[in-house]
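Look for subunit A in each of the two complexes below; its partner is subunit B in the first and subunit C in the second.
Up next is the complex of A and B:
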């Protein structure tokens, strides 16, 4: 395995995507969990409805993990054979991979936190008007669009960079 | 994300808001044929009113609300401003009962910020070191005043002023802009009313100055100078942050009080959709306290055969 500065930068990008997605999801899920606990302590029958809202901000952590995993596969860390031939990944190639991970890292962190806030507001709807819980879920789910877009751009970038490097 | 520490509390409050009285409920209560019907309607809404101990039951309802808030918020002492008034009421009651040789414990109201047995001990033994700091100095001063003068008037003035100043001071530390605004409005309203009352009763300027609480945004000296002339008073109020009160200050005490109350309630509406922070908790307390006040008014009215029209004027309705 040829561990160059380029490879290090690429791995760092994947790690940051996984960490920031995870942190965002932990904050989002934790915040909704507090609100959900408040509602369930008053009315346990609403557990199912608030649980769906609590799960929603958890996806960004999963997306961050997916991006990091794909990156490790693409640059050959998982197979033990880092791409880039004898010289390994150059600094500029490593920076390209690093940049490819950033949409998921930043988009994941911010979208998970804001999705958490939207879901907390949704928990308020479930508390007062449980029959409107579908709408509450839709409002929170709308934020997911931007996490999905960030995931797509990160994945497409990683695949494109690999095909450029490997020809 | 500092406000998220109130997320749990706000969610619990939202769940409880479904049990608040609606306009339809108020119509039913006002039009109820008798006291028993009112109790039945309230109990159907989840209240627990015992027909034999109505006022005690209403006090317990308020204590339940305070318990809910205490369990939900991260630090209840930050919201003590909401119930500090009861501490000072209890102090007044304790002093009056003590100097009239009556059993003190019968006159306390709840909820309050500290154990009333400490207050009973303090007042009966003239020993105030074990009661909380916010009331200790006032209690000692009011006790001495009561002991020196045959009437409790001076003592009450000392307590009322300290109560307002403490409420404002606590609200400033609460982190709730809403609570701060409401307490300042309450203080300004009390100062204007006190200044007018002192004028009506021919009290000296020094006496009036001593009776007015120090309140941010209003100069008490100027208030005393202008209170005897409606036009000057309006001009003075217009220059302060409370210019919205200018048309109400010259009305009767009841109308002025209702105006200030309605204004405060309107302020609570801004937090209707907040998902965190202390403001929704403060709003719920204010709305629920008002509901209990309204229930007391309706029950008294039904017991005294007050007409529906007269009762409707006395009930303050709120929608959430």
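Up next is the complex of A and C:
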């Protein structure tokens, strides 16, 4: 196993993606939870509807986790054999992985926070017009598109970088 | 045609039959009543009083049921608590019981009175207990608390702050009274921060002792007794036990009434039907001898109800087409496969006047896209089994039945895609084979046994997205383009049918040419091997499409500059819009990967220990917990994103919405289904 500076940078990238996605989701889910609790205290039967809204900003945490996990698999940490041959990952290769993780890290953090805000507003819709709760979900889900795009670019970069390195 | 043809119906009949006819209409549940305005020719029936009565009765019944649920809850099965079940009763039985509804209401009054009694008793008991609490420290005093002394003596009964004994009290009073023995005291009781004292002294030094006591914080009790405290204590104890008896008796009454629960539920349905009926009657118009009922009805039902009414009553029925600019409700009729997604469409908005019913076009895509995003055959199988049990064991109706159907078909699609992608609860089969049976490559082994290549990669019938995400990405875009083209052709069909043939051709064909033409080039960018002839042909096609858009998009403008400007703008709009729409389908890949990878992580975590037994012991709980959580989160994500693809990408191609659902007057019951004989 070659624990080089490059490997460290790559892992650091994955870890940051997981952390920032998780932080963003925690903030988002937390804010929606507060608003949702207010609605449920008035009308407990709306629990199911507001729960879905609360879970929506939670996916960024999953995406961050997914990027980190795929990165660990791709650079061979999970299998115990880090790629890059005898010399291990070079610093520039490590930085490539690091950069690949950044879209998910930043995109995940910020989109989760704003998705949380959109979902809080959606909780207001559920409180006043429960029959329109589908629209509330869509408003919040629009924000998630950018987390999905960030996830995609991160994953595709990680896969392509691996195929460049391993040939 | 899945959108039903709606007709206007006008029923005129003798005023004597009004109740029976409205009853019949309500039981059939096929006419949406419209309000007839009050004018000089007709009158309105005033129903607000009866309506108010039924509303009041209904509230009584509701409260009674709530009380019953509180004290004698009905035991429900797990499924039943998710989807409430209704009992069937025949019309004859309904009518028979209807006569008893007032008696059933009586039970409700009893229950509500008893509940009120219980609540009042509880408040009174709490009040009495407070009194008891105040009097308890005085129980050792055997004279009335109000006693203030005899002819020659003065008595002070009250509380002192802080904890005193006779000695410490004496020390505390020393600065005020000096050494002399001027008083006699008895400590009745003391508790933490308070001392309850009895002090007696000669009348002569009454003022002195009183001032001294006041100085250290003496206070008379707020509510002194006329008799020794124990008398009051016992009186209140008696009161409490009386109240408890009363409350117990009331509870007994409620429990007795629990056996009438079914009757009370019947009364609930009965009164809610009546409430609705009277609000319907207020929409009718009447003259001295006849009444008029106006409403909307589907064409196929119109004939049937007129035949039935004409056979039974003397009526005149007029069925006409609604006016062009009338707010006509929309009723859809689809088979189970297409109808299951009606709920999704209605959540966006029911079809508007010019819309076609989108459900037949979108149902297949909805299930397919849902399947790609959830993409785990194990989860799909659970959905199919769960919904199949619900469908077979329970009486489902209306929207609930459609939702269950929808998840059933989504589950089938999920199994299909999951099998193609080789994901069964992640990679559980491979993990088990590898860890417990020493088979390193399960798919290859099965292929060897079968003698042909069933599994191309792992246990995937097609390919594993994790191995080749780019491939799934290309297919995601392809599925997206197919989905969007379906929307595009739906818009063609819609415009063609609305006799806007120029619009249909000009707005659809160029876009189709442009997008189809760009596809080979796009595929080339995504590293697909496309022959250059195909690319060139595509480019010519796209160019033709682009030119046609520039030429036709501005056709509404009057002058040539406007035409050209709008045309160019149209081209830009089409190109950028379609580009972002198609890219949006990359979420198929992202969500599909998300489910599969996390499911695999769960399995990996379950097999961390080296020892086989420990592995098995850990795997079972980790498997159950991990996959339940993963499935729940991904189900919600998949549902949301499938809806988004339908609403934002697909509907924007042809669907406007803005319609109003058909809401007929019907027997809207909660506990019973009334079946016509």
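The rule we apply is simple: the second predicted complex is superposed on the first by the 167 of 167 C-alpha atoms of A that agree within 3 Å, B and C clash if a C-alpha of one lies under 4 Å from a C-alpha of the other, contacts with A are read in each partner's own complex, and residues count from 1 in each chain.
In this section, a contact is a pair of C-beta atoms (placed from the backbone, for glycine too) under 8 Å apart; a residue touches a chain by one contact, two chains touch by 3 or more.
The model shown is predicted, which means the values in this text are computed figures rather than measured ones.
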Could you look at A:110 and tell me whether it touches subunit B, subunit C, both or neither (first, second, both, neither)?
neither
Go through the superposed model and pick first if A:36 touches only subunit B, second if only subunit C, both, or neither.
first
First (subunit B), second (subunit C), both or neither touched by A:99
neither
Mind telling me which of the two, subunit B or subunit C, contacts the most residues of subunit A?
C
Applying the touch criterion given at the start, work out whether A:148 contacts subunit B, subunit C, both or neither, answering first, second, both or neither.
second
Have a look at where A:56 lands relative to subunit B and subunit C in the superposition and call it first, second, both or neither.
second
If we count contacts the way the header does, which residues on subunit A are in touch with subunit B in the complex?
27, 31, 34-39, 41-43, 46, 113, 117, 120-121, 123-124, 127-128
Which positions of subunit C touch subunit A when the two form their complex?
344, 347-348, 466, 469-470, 473, 583-584, 586-587, 589-591, 593-594, 597-598, 601, 633, 636-637, 640-641, 643-644, 647-648
For a test of understanding, state which residues of subunit A touch subunit C in their complex under the given definition.
52, 55-56, 58-59, 62-63, 65-66, 69-70, 134-135, 137-138, 141-142, 144-145, 148-149, 151-152, 155-156, 159
Within the complex, subunit A is touched by subunit B residues 1, 4, 7-18, 72, 273, 275-276
